[in-house]
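Two complexes, one shared chain (chain A), two partners (chain B, chain C).
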Partner chain A sequence: MKKPPRALRVLGVVAAGLLLVSGCNANPSQSSSNQTTAATKGGDLTILTSSTQLNFDPAKSQSLAITSLGLVLRRLTSWETSPNAPTKVIPDLATDTGRPSDGGRTWTYTLKDGLKYDDGTPITSEDIKYGVERSFAPQLSGGLSYHKSLLVGGSSYGGPYDGKQLSSIETPNDKTIVFHLNAPYGDWPWIVSMGAFAPVPKAKDTNPATYGNDPAASGPYKIDKLQQGVSLTMSRNPNWSQATDQARTAGPDTITFKMGQDETVQAQALISDSGANATSFGADFVPAAQLAQAQGNPQVGNRLVTSADGALNFLSMNTQRGALKNVKVRQAFNYAIDRKAFITASGGSVSGDPATTLITPGIPGRQVYDDYPAGDDGDVAKAKQLLSESGQSNLKLTLLVSNQPIALAQAQAIQQALQRIGGVTITLRPLDDNALSSAVTQGNGDYDLYLGSWQPDFPSANGNIQPLFDSSQIGNGGYNTSRYDNAKVDALIKQATGEVDQTKAEALWAEADKAIMADAPVVPLSYAKNSFLHGSKVQNFFIGEFPAYPNYLRVTVSR
Partner chain B sequence: MASGALTEQTPVVARPGVDFWRRLRRDRAAVAGGVIIVAFVLIALLAPVLSAVSGNNPYDYDLDALGPNTAPKGFGGGISARHWFGVEPLTGRDLFSVVVYGARTSLLVGITATVVSVALGVVIGVVAGYVGGWTDRIVSRVTDVIFGFPSLIFIIALGAIVPASFPKSFLIVLVIGFFGWPTIARVVRGQTLALKERNYVTAARASGAGPLHVMASELLPNLTATIIVFATISIPGKIGAEAALSFLGVGVPPPTPAWGRSIGDAIAWVGIDPMFLVFPGAALFLITMAFNLFGDGLRDVLDPRTGRAR
Partner chain C sequence: MTFARFVLSRLAGMVIVLLAIALISYLIFYLLPANPAQLSCGRPCTPDRLAQAEAFMGLDKPWWAQFLTFLGGFFVGRTFGVGGTAIHCDAPCFGYSFRLSESVTQLIAERAPVTFSIAIGAAVLWLLLGVSTGVASALRRGSLIDRSLTTLSVAGVSAPAYLVGLLGIFLFGFTLNMVPVGGYVPLTQSPVQWLWHLILPWIVLALLNAAIYTRLTRGEMLEVMGEDYIRTARAKGLREGRVVGRHALRNVLIPVATVFGLDLGSLLGGAILTEKVFAMQGLGSLLLDAVGNLDLQVLVGVTLFSAFLIILANVVVDISYGLLDPRVKAGG
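Now for the complex of A and B:
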């Protein structure tokens, strides 16, 4: 369950770079409400991104179902997002979202009729099986990997390239595929919307390392030209049929990704709306300064689109280090935090709302509570009291943070808030995103504090809790960055994961949320809102309740 | 100015010190540069006092000074009786204090890094020039390599590797200082080559002086002018290097104020809050210009060749 950088996952970037959120325009029911506009066919859409590398290999991509990868590759299921309704899982290549049997341990899917790749060959269930199998190959790691530990035999399987197959996936005929899981798993329909469940014809996978440059297209677009670092152009896939696809509208004739576009420059170009910028949108969050600029600019108006509360920004405290082993110290930090300063540093109230729970708004079953009521800007007196009770004094702590400007501003807000307690000295250690990610997810954890951000990969509390707090996620690429290890919580997570009854599962997750916060391994800071800009000719640009990203599959360009 | 007029009238046999100051004072640009340098040094030394006079410090947040869009409220980036230069967007920290404390970072790094590079450069230059032969050839090639080394990239990479416990400011001083020595080493080597053929050096050697004595007592005093001029002229380069590192986000870690970081942050805000760029930018511009003017003046006065040309 790796899952680093949120922003970049959307585009399916190879290298994990992590952008902390900034956001805009507080209203969950977005300002840009032209999603009701009928889908216009035609036109050329441009997507501006700061990424320098795009990856369309379904095994390596961390792209969500509704973003770039979804334009080219279909999976068994997809998502239906809407700004005023919960996100739903819907059938994509399959006729339904999955038929469970054996108490949720076995899931069966049937493919729709008449599905073809861009070269005209039919899409078969064997191709999907092969696609899943290759995601296990060590040379194709990096993609979302929830399925790897769920499928029977997955933990010891090393991919199809040495001739072995994964026997827990059965394909009784060309149209049917059956998955056998280790344990009942109620969220499986969401899992099969991930990249690894896109069909890959074995005949085309002659060189796995470069397959992602021109994959066999099942979606409405195929990749025409890819120049890493510069641009990527897609045009229509003649063999895609709207009749079989309820997730995509395939409006534009061509879609071009312009890579390496600085976020600030991107935002300024989109604010100006001149020339080709009118038919463009930005894949990156609008930085704080441009957010302020866009908010005050009547020319921008509803071209600035802000999500509802999304990812959780949090301060991880390494529970296995020095004074931070002491729960009272961690609780003191929870009281001392200045959420107002943090949110201001992120770009103001349009960039997020104060957070107190680990399960994020918009996730079914979330219960609102606040164990450490600190008010807008912290309860320093209470924090002082807890710190003196803890018997710890003169704390010298290092805070690891991304060297991106927004992250640095946020880290300084945390620093000044915690230093108000007295006897606490916090040193910032800005790191390049890749170095940061390996420092916190690998090794023994040579850090005290870490400023992190997390958005689940599918709308279930499972995605909020398990990757961040299960003790199996400490080190080795896992994102338990507070190195939190509590057997009782592990047991609760296991119980909730295996619960097929959604209502019961939700109650268990809410219980886990509170149980974890009682130990205060993190300080929840804010629920980030993401803001995006688009040109005046871009239509149907909206952000659903989950995830806090626009739905690329439905964006159109007006004539 | 009465004393000035007096000295001009008196046909004194030029005492070197007096002559130096008189000639330097005649160079208006150098005087202006010197005044600005002194002013900045005072500002840096008195930063806590100045900042306290305005009732601020560079670390405290003042969120009330910001509007809902996180940009400063009011005229000129929030300029007011309390915040003389306005405030930073996103934090509301007092920009006057940030700029004043930033002078400490810039001058400290600029001057100490210069000391490091001058010390290295002089030692290496004198040895190479005086000893000559293979030593000279090897040292000269090493100098060329360091001279052409992509030091900025190296510093950025080094910043990621060095453990967090190692003080970042010290590392920056060391690294900027280390990559600064080749220029001065070359010049000092050239001068040493010329000087060591002079009669007084030959005489010293003939009377049995060892190489260390010759270098320290005969050569160094005659290199002093060159060294002072070079040191002064290279300070703005070092200040610029520190600012560049901070601009790129790899300089002294926040929240320690640094002009380069403020400038880097301000670039994004220039459309909304131009004063955030103007104040730290002007400070950096003034100090580098001042050192350049003063250094040029010094060279004209001290350097025998340009002196003769006058």
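Now for the complex of A and C:
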């Protein structure tokens, strides 16, 4: 079958959306829109996802602490999210979020009493160590890997399957685990909330490739049946205890993931709210046509949950290339940008708000400032003045961008805004997402501009700043796409990374944010918002200040 | 040419074509400016971890060495990695998906029944629909029926499958609640549910593809009906139904069978958009995911399997010529 032109496919989505504008609201709904109520026990929850693969191997998963993996697998720490407060790291399997020593190079955890897997066997510190060790095995790579370069000896360790252990993880007894790091790392409590820090009993890891199909459950649910690409069903873990778990409420009796659901069909099913759709929610962002449809109908709109400001959309300027080496050129671009046009191209105000800082809203320690105040649509006169002062003229620059329709519209808004300065010609170069990622993270940086987006993997300013602006992250798979290299900023990042006192660390990160923006390696464009739909019987469906995703661990179903 | 030589030459041709397709798939893949190991490296991906992922996946070798290893896998199997973390893929090994932790052979075996169910049912439906409307249209040339069917067939040929699929789901699934909005139930699990879930995809695909057959059948039919032997048959006093069914349609079906063989073969290799919109995980969605995730092993394996089906369909069509037209057998 021939694939129709993209324009037709887009038209199809829009037409289909318009067709049913008035057809699917037979059942009025009661909303729980981004609000929390008392947890109801019981019922069957369905999660619709376009994903065709759900990976429950803790080593391979990049799942956030509050989404799918967290229903089955607990880690040393977890996240407490709230629509009205910053996300906090909280103890999960451990009694606290970690006790630092040796200036933040060593972290010690003690497991809570009475922790058991679904088969009734006790969870031990040795299982946590084994879980972390197996994440180093090449066949199990692919998950969040911050710990691999932080743990002493991690860079040369290849996993436990050849009988070797990682000596920087000690388990003096069944309930204590100690991690030795290469350097002080104040955000280690967030790192141990990642999948690799879920316990894995060695006896059950007989075939590492398929362990994720039926992992030893430490969370409130265990996997009953997994058909990749089709569905996954989970039911209660009889050996989980609410008394030991402050991150999860375990409302529904069963949870079913329906995979491979087309985003448009998925949104339309939730809008219809019929049958099992009333007890379902969508794991994907609501497509533009259905978003407009939902917003236009109060009975559907109150089941639409839009996040607060989230991921940072930004324009990277390759600071090691031609005229862009000149800070005044980069500052001129910061003044010239038309954020209003960019947000309109992104889908309007529901898609995001204007950005001026690198640390995103909802991240502790963020300070609001704007080094380049230019109003909603830019200050072209100031940009012209700075470009003139830079001595640069007749700039011909290439902008790398994803070939997705919205990204192209966003890039065109940037192109038009920057070309208003005069003497600047921007050529768009659309690429497939994988090719785009390789082009900016590998090789020697053969590009001028890049339109990117970044959401930290954990709610610390470290996650906003270090991956994007530390000089060690240039090329070789790193995301420093502006190829920004400033020794003073590197030192500041190192100091903030090693600071165990969170208040002091936050102040250092805010300082780094401003120091970087003074050099203007990027233009912050917008903080993206995500919108999700849920059925009328789904409760406690809320999105915290971070991340811009619902907290699966607390969703319940009304009777 | 004896039948045995005919079969042997076709098989040899099939092997050469499949080899060429495998080679081209590899070459295209390696010309892409993207590194599949990076997707398996995790985040953040340090240079040493990237090198480890490349070595494990065998991507640290030149493309031609990888290609030869891939071919060798058919006969002797393959092993990825070394020591306790090694993964074995027994011969005949089509490759191994690191992302899905399954051999490509196993993946194809799991997904093929879904695609085959969609394709075969839809093909039967569109053949019946297309040929019957084509004949009806030709026999009533210039009538209202002819004009209506011709217009509908133009609409059918032009409509995108994704759009028609969505409209079908919205109308029959959500609004009228007559059929499921998506998903697949294996035939072995429940024949009734299998049929129930497939009806809408079949109808959508049949409506789109029947249009081509309507036009093709109509054109061929009009030409054949003007032939001398049709006049002779009528002069002999045969009933019109027998003239059409026995003499005309048989000749019309030869080009129809050729196109049908190719269409069915390519659809068996994956009905990508239909599978996507109806949430059915067949070969098409497997291939689509493989492209998006730079899963070379799956990409080449499924492409080869699809190519094999198309070639096989062609061979079947060649053989069916003999059944449809005795002259082919006599000349053969």
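Just so it is clear, the second predicted complex is superposed on the first by the 520 of 559 C-alpha atoms of A that agree within 3 Å, B and C clash if a C-alpha of one lies under 4 Å from a C-alpha of the other, contacts with A are read in each partner's own complex, and residues count from 1 in each chain.
The criterion applied here is as follows: a contact is a pair of C-beta atoms (placed from the backbone, for glycine too) under 8 Å apart; a residue touches a chain by one contact, two chains touch by 3 or more.
Owing to the predicted nature of the structure, the values given are computational and were not obtained by experimental measurement.
After superposition on the shared chain, which partner residues are touched by A:Gly477: those of chain B (first), chain C (second), both, or neither?
In the superposed model, A:Gly477 contacts chain C only, not chain B.
In the superposed arrangement, which partner chain does A:Asp162 touch: chain B (first), chain C (second), both, or neither?
Second partner only.
Looking at A:Ala345 after the superposition, I want to know if it touches chain B, chain C, both of them or none. Which is it: first, second, both, neither?
In the superposition, A:Ala345 contacts chain B only.
With the two complexes superposed on chain A, say which partner A:Asp432 touches: chain B (first), chain C (second), both, or neither.
A:Asp432 contacts both chain B and chain C.
Touching A:Thr264, do we find chain B (first), chain C (second), both, or neither?
both
Given the touch rule stated above, what does A:Asp113 touch, chain B (first), chain C (second), both, or neither?
A:Asp113 contacts neither chain B nor chain C.
Output check: A:Gln293 vs chain B and chain C. Expected answer is one of first, second, both, neither. What do you get?
Once the two structures are laid over each other on A, A:Gln293 reaches chain B alone.
Is chain A touched at more residues by chain B or by chain C?
Tallying touched residues of chain A, the top partner is C.
Considering only the contact definition stated at the top, list the common interface residues of chain A for chain B and chain C.
264, 268, 431-432, 435
Hey, which residues of chain B end up touching chain A in the complex?
Touch residues, chain B against chain A: 59-61, 63, 66, 68-71, 89-92, 160, 164, 249-250, 253-255, 264-265, 267-269, 271-272.
Flag every residue of chain A that touches chain B in the complex, lowest number first.
So the residues of chain A in touch with chain B come to 264, 268, 287-293, 295-296, 338, 340-341, 344-345, 347-350, 377, 398, 403, 405, 408-409, 411-413, 415-416, 427-432, 435.
So in the complex, which bits of chain C are touching chain A?
Listed in rising order, the residues of chain C that touch chain A are 32-35, 38-50, 52-53, 55-56, 80-81, 83-85, 87, 98-101, 111, 160-163, 166-167, 169-170, 174-175, 177, 181-184, 205, 266-267, 271-274, 276-277, 279-281, 285-286, 289, 292-294.
Going by the contact rule set out above, which residues of chain A touch chain C in the complex?
It comes out as residues 1, 3-4, 8-9, 11-13, 15-16, 19-20, 23-24, 52-53, 57, 62, 137-139, 141-146, 148-149, 155-156, 158-159, 161-163, 208-210, 212, 228-230, 258-262, 264-265, 268-269, 272, 274, 431-435, 437-439, 441-442, 457, 467, 473, 476-479.
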